[in-house]
Amino acid sequence: MTDWTATELMAIVMARAFDDGEVVVMGAVPALPMAACRLARATHAPNLEFIVGGSGTVSPEPDHLPASSCGGDLAPAATTLPLPDVVLLEGRGDAFDVFCAGGLQIDAYGNCNLIAVGDWEHPKLRGPGTVGLPFLPNTERSIIYTQSHTPRTFVERVDFVSGPGHPSGPDEERPYRKQGPSLVVTPLATFDFDETGRMRLATVHPGTTVDDVLQATGFTPAPGPEPTITPEPTDDELVTLRAIDAGGALRR
Amino acid sequence: MPARFLEANEAVALIEPGSTLGVGGMQLAAAPMALVREMVRRRIPIARLVTSPSASLQADLPIAAGLVTEIVSPYVGFEHLGLAPAFRRAAETGALRILEIDEGSLTHALHAGAGGIPFVPCPPGVDLTDIPGVDRELFRRVVDPFTGSEHWAVPAIRPDTVLLACAVADERGNVAFDRFPFTDREMALAARRLIVEVEEVVPAGSLADRAPGTTLPSFLVDAVVVAPGGCHPTEYPGRYGRDEAAIVDYLRSAKDATGLEERVAELVAEDEDAYRARRGGTS
Amino acid sequence: MPARFLEANEAVALIEPGSTLGVGGMQLAAAPMALVREMVRRRIPIARLVTSPSASLQADLPIAAGLVTEIVSPYVGFEHLGLAPAFRRAAETGALRILEIDEGSLTHALHAGAGGIPFVPCPPGVDLTDIPGVDRELFRRVVDPFTGSEHWAVPAIRPDTVLLACAVADERGNVAFDRFPFTDREMALAARRLIVEVEEVVPAGSLADRAPGTTLPSFLVDAVVVAPGGCHPTEYPGRYGRDEAAIVDYLRSAKDATGLEERVAELVAEDEDAYRARRGGTS
Amino acid sequence: MTDWTATELMAIVMARAFDDGEVVVMGAVPALPMAACRLARATHAPNLEFIVGGSGTVSPEPDHLPASSCGGDLAPAATTLPLPDVVLLEGRGDAFDVFCAGGLQIDAYGNCNLIAVGDWEHPKLRGPGTVGLPFLPNTERSIIYTQSHTPRTFVERVDFVSGPGHPSGPDEERPYRKQGPSLVVTPLATFDFDETGRMRLATVHPGTTVDDVLQATGFTPAPGPEPTITPEPTDDELVTLRAIDAGGALRR
């Protein structure tokens, strides 16, 4: 099969990045990370668990991919944590393995910004707010994803850190930080991070060139190994994903 | 005392103009819109609006109506449907003071308010963001007397009045949530005055089998307003879905400031029954 | 990972000797006695025992067995049946270090432990007692950075291992409480390692209809031990009552220290199956 | 009817002291205060609500009076608060009106001691611990009750304050204190408090003399109006109480 969408490929790439037994948390607009988690469970990670935003549902398996993180269609779920308990565990810092996050701006060190573009007091663009992104450093690692790969989204330095990434210099001490951002997934490419915490181009999606990606990125990624082509979805991955996404949320 | 059953206009008259108001509901679910609409109709000014970790129309509509001076909220938006137009415009023009806060700090601040706990030192995370640095009102430094280490802290939050949507009330005014309580119970416990809109009323004793943590006893509830479908256009999880067309319509009307003003004027010109008739029945 | 189903002896082997142990259950209900008995049989020393706001035999028996060095508990007793004999004797002879704490401060300390919150300033009340004055380990003064006023504070508590009794586990190791969760969920969320005894196992998916706040997902549960009637002689509310004759018998045996020693020796000499056979079936 | 027990009279005296609409909290061994609350609801205070200890049950109405505060026989109840919520509300300080409490020692100023008789480090008698008694000052008022009216229980000054009473001198500042202890009920008598916060004899139960009470009290109560005789249970009170106490818990 070759008629997959960029969003489907993103879900598949994220799914591959999960390990069996991990616990994943996600926030608003959960269709994409939820698809990735369910695909991982259906393939190589049957013991992966995921928590869907404000609902607190644990590994829900509805017959479609819900658009909202708090809707009644997040059912059935094996169990549900009250939201305040999810908040506690996010602060505790050893309960969750992967945080799936994004931002209006994402910078070269994996910092995310959901609050304000421009000056905070007089923003050019006011974002919705940060919700739980300050807890990013408390999960073992984070996966950053966005459907907007543009120079406005991918910037050298976010205007406001609302979701902490890697320390961007030796003066930044982050004593309890864990792995931090480990993977960035966009409709064009994937990035990982070098030992200084700076993003570098890992793979470009089929049909996209390295130049396309660099043009869409507002900073110069760190040098690294020659980017490879993102492996295409296998038939098995696509068939399984589309059974999960019966409503076609990732195909629009 | 058992909670009083009031009409929406009587209930929102309990909100003191210029006080701190908490509104429940999370993302596009369980927003107490029947109460918020009535508050907008009566043009009750709110000095400080405190929301759940993620609010949508229950914050944007009062802001659109020009009723809100300050907001304490980790998120105002419409998830996959887009940004919050009135919130965004008010923030960008400086018409709204935003007390920046994150989900964790807000939840802990409400928990502290519920428990007479004066303030809460923040768990790790927010200290690595720019959030605590922008305003000294909600974030200050405190030294842990046990370890000597320094942390950000947030003060207890106790809204003067809280508006919530619950599934049902029994005849004595005990109320029950359905599937997702979100942080609404924390907000209820922190409230100085609690007004709850419910989908329906059930006989006394009907809530006895409900699990702990899914109900609130009547002595915590000051007023109950029966408002079937009152969360419209947000959903009540498990009872009715959200009306995305109505939300999209609201967002479209916001392309310019006058569009939103017209929406607010339309709302003010009708009562909740008329609103319900106009939107058609989702319940 | 899904929780592992273990035998009681395998599960208690996860408790590191000399570590901090939390035990759930409140008053005469839901004490995880099958696990506590097994711990006593294996003579696992506990440096610090943390209980619910009110404990009974789950604290008194390990103290009777001489396994407990320090205790953090607002209450060890048997309600209408009397004082806790081993706790009382150990306190009066100085064999046990008691870290005095009240229900509120303990609950808040566990909540803080669950949330990565370093410490909690106490709500009003405990400052008017002699409790904070007797030990600097659990109570220290802190200044509210928002108001300048001074308060007592307690540090976060995170037991190394927590033992709880739940009603059921599903096949994946998700667990559910029945009618009263007490503070067991707070203790579970604060645990570094969680061992749960359950009355029965139900098929995967069976807990989907349970309300939020009445379950714990399997990823928080390290081991599940199936132990029907395992709370004996305490009750599991809604499933079986307490065995008051057995409790009174325990209390009577404590009239002198050797009586309690004999009880402990009796327990150590038999396994849980033999115990269950001896006491007869309450479940 | 005249064949009532002292415990029944105590329940009736406590019931009379509740006002309609009040919210009452109680701790371990709840039979007596629970009987009082249910009697009040059945007579003059239909809107009184009460919370039974660790169970968090609100106004349960089982067919008997449970001996334990955490048992499955505390059902049915209109609603149940999780115990951590009860703890929060006790700290909040404006949710509950009356706290029913007792102690191993109770002193002339209404301080209670559930922790230790003698020196705390080397106690003569170690009590069970204080549970929620430190929250006493946060309720509008408290009612102290005990079935042990002896000089060992009623002392001039408790050895350890675990449940705060009235300030016992001008140097004791209690800025957020409310009414504090308002009534003490024993098998022999009832006490109230004078304006300095010291206990004074209010009524003696039928068949008991003032001297009996003073002999049983380890301190000299404050002077006050001449004690009266506690009004006997009315037939209506007794019949109603015994319907609540079908198991005869208060008659043993």
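Going by the order they are written in, the chains are A, B, C and D; count residues from 1 in each one.
The rule is simple: a residue touches a chain if its C-beta (ideal position, glycine included) is under 8 Å from a C-beta of that chain, and two chains touch if they have at least 3 such contacts.
Since this is a predicted model, take the numbers as computed values, not measurements.
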| item | value |
| --- | --- |
| Given chain B and chain D, the chains that contact each of them | C |
| Centre-to-centre distance between chain D and chain A (centres being mean Cα positions), rounded to whole Å | 57 |
| Between chain B and chain C, centroid-to-centroid distance (C-alpha), Å | 37 |
| Mean-CA-position distance for chain D and chain C (Å) | 28 |
| Chain B: positions in contact with at least two other chains | 104, 108, 111, 115-117, 123-124, 179-181, 185, 210-213 |
| Residue list for chain D, restricted to those that touch at least two other chains | 56, 75, 80, 82, 87, 91-93, 138 |
| Touching chain combinations (by label order) | A-B, A-C, B-C, B-D, C-D |
| Of all residues in chain C, those that touch chain D in their complex | 26-30, 52-54, 73-77, 79-80, 83-84, 87-88, 91-92, 94, 100, 102-105, 107-108, 111, 123-126, 128-131, 134, 179-183, 185-186, 213, 235-239, 241-242 |
| List of chain C residues in touch with chain B within their complex | 104, 108, 111, 115-124, 140-147, 149, 151, 153, 155, 179-181, 210-214 |
| Contacting residues of chain A [partner chain C, same complex] | 21, 23, 47, 49, 56, 58, 75-82, 85, 87-89, 91-95, 138 |
| List of chain D residues in touch with chain C within their complex | 28-29, 31, 53-56, 67-75, 80, 82-84, 87, 90-93, 114-116, 120-138, 160-164, 174, 176-177 |
| List of chain B residues in touch with chain D within their complex | 1-2, 111, 113-117, 170, 172, 174, 176, 185, 189, 192, 204-205, 207-208, 210-213, 215-220 |
